[in-house]
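Below, subunit A partners subunit B and then partners subunit C, in two separate complexes.
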Partner chain A sequence: MFGAHLADITIATQTGHAAVSRRVWTYAGLGMVLCLTMLGSLVFGYKVYSLADVWLALSANDGSETATVIAGLRLPRAIIAPLVGAALGMAGVVVQTLSRNRIASPDTLGLNGGASLAVVVATVVFGVQSLVGLSLAAALGALVTSVVVFGVAAGAGGLSPLKIVLVGVTFASLSHAVVEIILTSNEAQLQQLLFWLSGAFVDRPISLFYNGLPVVVLGAAIAFALSGALDVLHADDSTASSLGVPLVLVRGLAFLAVSLLTGAAVSMAGPVAFVGLVVPHLARRLVGLRHRHQLAAAALSGAIYATLADIAARFVIYPVEAPVGAITAVVGAVTLLVLLKRRLA
Partner chain B sequence: MSVDSFSSRGFPAGPVTLAVALVTAVFIALFLAGVGFGSTWMPLETVAHVLLGGGERAERLVVLQLRMPRVAAAALAGGAMAFAGYLLQRITRNELASPGVLGVVDGAALGVVLFMAIFSDEANALMVSVAWQPLAAAIGALAAITLVFILSGRQASSAIRLLLFGIAVAAVAKALTTIFMLVGPIYQASQAARWLAGAVNTINWSEVQLMAAVLTPTAIVAALAARHLPPADLDDVSSRSIGLNLPIYRVFIFFLAALLTAGAVAFAGGVAFIGLIAPHLARLLVGRARAAGILVSSMLGAIMLVGADLLVRVAFAPLEVPAGTVTAVIGAPYFLFLLMRKDKTNG
Partner chain C sequence: MDERVASRIEVKNLTLGYGQDLVLDALDLPIPAGQITVLAGPNGCGKSTLLRAIRRLHAPQSGAVLLDGEDIARLKGKALGRRIGLLAQSPSAPLDMTVEELVRLGRYPHQAMLQPWSARDDVAVATAMAGTGVAHMAQRRIGSLSGGQLQRAWIAMVLAQESDVICLDEPVNHLDMAHQLDCLELVTRLNREEGRTIVLVLHDLNLAARYADQLVFVSGGKVRARGAPEVMMRADLIAEVFNVTAEIILDPVHQRPICIPHRRG
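For the complex of A and B:
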């Protein structure tokens, strides 16, 4: 299995110009599609608006109903959804490399669950209100969960991919149950309950975007800085250390990046399921195995995927809106089944 | 299930009988406590008095109409799930198997939610009898477990792979349930959410009767069928060589386990992890003895759900926290413990 990957890497480095121009086209195409889906996110919904309406609402908000809906309700989700998708996509790439496991993701490792538990505990128990505080709590929750999950899995006899995922999924259901207990014993509304259990982009204030953006950028910067080391780490530990990669440092920083990205995503939208599982596979198909490109493609395709899911959520059970996390969960769990079936994990 | 058969698998009758007696005593005590506790504490002698036909009108109302159905439903559902877990663990020879991780619980929940979504009218009232609800749950449960085994195919022989297929199918079912919950009789969507998490607080006598009507015959058939379960340490080839027709028998056992789970989930909701833990504890108490194993597993399952329900009533009153969350909080660490302990046999 590793031999095949190494072969891919050498092929990717040898093909030169053809691959470069293909990548440029891929990125350009992804960027275009992302712009279109974001526009679609403004246009489609309970009511479908024309492009002229959208333009008017964004350029000169006259306080009309149309303008309020577009600028006040749809704009925040049209920019929060891609940011969350990009963050989870990149986190997925890093996590899959770290655990050398194609079915790893912030969800299957329980990080999403840990982050949302941390946010709920921070709000309900410690009364944290500031958005920055909540993002930090989410990142901390993800970090602690990742340490615990890897620790328990190591204790359960080696870090076999399947075992890590089993441990992670169990942790996710545990944090699910605790979140449910905390919220129901505080008489939370169903809306809140569903939000922290399955994630949503509806009714999120736009301030969340400005607040989450720096955290995502920081996480992404760390991940990109590590991309060379991750390329080597992907093979195996002894190769990596003989090439002079400081394993412990790289792993620690990579976990930090994953936690920041997951934490920011969860603090903005709750635990939107399985985005980090699906997107890295898509990214690898598009641009190959080099992490620099995997991360970039994962960010773009994650953004597109989350935005599309958000649009789909408005129509699946029209006129009621479905939780977007449920949509991504269906797609993600089916992907997981396919991966298991093909023995890719 | 005579005392004789408890000892038939080579275990001394003494300790097994003692364990059975002990578990029965705990079960009865918890049952009474479950009826006694509530917004007002009712002394046990009053409870006993009412159960024997006496008591004042108000006491009779509280005990017989409000608290008894709830406790009875918890006992039935917990027992059924534990029995289902016992069957699944024995037939897959997989100590980590349970109705929850094989997708049966979430499949049943999806069946119920779809049923409510399809058969309710504009005013969100059900157009058909609620008696069909367990059937919908059963269809969902069977569909889920069938899907798990079809998809996993030959990989089903690996304990962990089978579980991952189950978890993935369960995740699909759970997500679809979340979506359809918002389509159906939404008038109490929050109640639906709580039901999904496993709660017995709103159950009335007619539902308990329906539950018993579904579960009792299934349990009897399952108990009879369980007599042919191959010894736990026998592989497929050896079982066949001593004349057990495994494939058909296995399908039949899966069917029964799914039916038991469905009957429980249809009314008590998605209670987690009881089907996993109860058979384990039973084995610790009575070893591999079969009849005693089934009996003790079921009673332990009943104890756990009645206990969890009691706990949420006492600890979180007057709020109604779903009992299933308590079993999940206790069950998930136990599952991890099993994973850590069992890695050599299940890897």
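For the complex of A and C:
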């Protein structure tokens, strides 16, 4: 175009290459840390096992107590926790772009609230007891809520980011209120439900993982397919439309991705707070704002975060297990404050 | 105004409004290829809406916008994005976005879902950044830029679209005099050196007269008059459209007419 600027073009291309190799290292590092934390999830707990025990239990389960604990109890949570973390991390990325709000999370759209309400209603009204039944109820609750919130926000005109948040927050508080009303009038089931409602990976059958995995994969596939359009949604609506983004279609599909990811996560672990809020911030610091990379980094760091929280939950009030949702909420709140302070400084 | 130049865009009988209120009222306007057309007019006259309608951000109630003879209503969003770029009035993006990330957005109309980012996209982004003088700040966050730098980054985003027609909605608002000139000189260069068709909305009539090939006065949702600045900058016409009495003199530097308003008409 302008001959004199040829040097500038070369410089810009070179900094681009440097960014690419930096990202490759970031992903490799995150992948390695994830493998280590998953291994840690098998090793640490009420009893600490050696790597040799873990290897033996996984390669040749001899039916001993050690092998049963590792393969039967710790293995499911060592693979469910990262899947849930990855799903919530990706959901958080999409929600924050969808709402143009950096402190939004799947809960802001009322999805966790809807899932909780569905679980409580299923237990108290329909007498559902099995974990698989409750997990289905949770997923259904998240899906129904997302359809309702999307419908109301769209009906209120144009699906603006502000309306999405307003309608979502309204439904979140409404469902939390209803949950509390039902719970206070049903003390018998309070203990059991309270544990579920703060999210946990303990005592989850591995079948939940196999049910959740395809849903997470589908949600992630939609989110990744939308990544170019989501990038453009960073800009204002006029700019996004003038670049050719069909706003309502993209927002609808993004909503679908979020509800699949959150629904699957909630069905596996209950409403684990704050993962979807904090993880996108970490991801953006690591790889920048483009969604392809933000989503990938959020999946990896979300998986690490949830797995670490699950390990921590075993030791905070040792020998009793703490609800992991409480851990992620505390760690998440502190992380967020640190991030905010750094941003301001 | 030389009417022999082929029209790139033809606004035909365009009527557009919100509910009962008509913003554009059976408006006709040819926009010649390879020229700078500036839309001017009083507040609320419909010039911004007209510009946005040219990029199909508003659907007309009747009439049409023709691009090379083809109704833009029939084009797909991305296809239209490859042919007409629009820099919205006061565009916004997250403050921690880098200049490069912002400029890359302009490549969206060229991307297919499963087609990876190509070397051609890289070249378009780098060229757009170089042409607007923001290449050396590619990795800076847009929140750290000055108003003038930020505006250049946004223009680079539109350039990365590589559209032949570029619309800019009040691009020099909030810029100081030096940066207003920078911005409009850049736009002129794009027009003169690359033959791009430019449509601008400008509030400052003197800047409009300096840079326009075709100056268009919009008022009450209609085109009141259009033509070369020399023809348009007449005291009686300005009094009628802008409701001010004004003196018109010749700018001694650029030999273009300038307007000195002295009171409300």
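As a working rule, the second predicted complex is superposed on the first by the 245 of 345 C-alpha atoms of A that agree within 3 Å, B and C clash if a C-alpha of one lies under 4 Å from a C-alpha of the other, contacts with A are read in each partner's own complex, and residues count from 1 in each chain.
Basically, contacts are C-beta pairs under 8 Å (C-beta built on N, C-alpha and C of every residue); 3 or more make two chains touch, one makes a residue touch a chain.
The model shown is predicted, which means the values in this text are computed figures rather than measured ones.
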item: Which of subunit B and subunit C A:A229 touches, first, second, both or neither; value: second
item: Touched partner set for A:V178, first subunit B, second subunit C, both or neither; value: first
item: Partner contacting more residues of subunit A (subunit B vs subunit C); value: B
item: Subunit B versus subunit C as contact partner of A:S238, first or second or both or neither; value: second
item: Touched partner set for A:L340, first subunit B, second subunit C, both or neither; value: first
item: Partner chain in contact with A:L289 - subunit B first, subunit C second, else both or neither; value: second
item: Subunit A residues touching subunit C - in the complex, by the definition given at the top; value: 1-2, 5-6, 8-9, 11-13, 15-16, 19, 100, 102, 225, 228-229, 231-232, 234-236, 238-239, 241-246, 284, 288-290
item: Residue numbers on subunit C that touch subunit A, as the complex places them; value: 52, 55, 57, 76-81, 84-89, 91-94, 96-98, 100-102, 104-106, 108-109, 111, 113, 122-123, 125-127, 129-131, 135-136, 138-139, 161, 193-194
item: Contact set on subunit B toward subunit A in their complex; value: 151-153, 155, 160-161, 163-165, 167-169, 171-172, 174-176, 178-180, 182-183, 186, 189-190, 193-194, 197, 272, 316, 319-322, 324-326, 328-329, 332-333, 335-336, 339-340, 343-344, 347
item: Subunit A to subunit B touching residues, read off their complex; value: 103, 152, 155-158, 160, 162-163, 165-167, 169-171, 173-174, 176-178, 180-181, 184-185, 187, 189-190, 193-194, 198, 273-274, 316-317, 320-323, 325-327, 329-330, 332-334, 336-337, 340-341, 343, 345
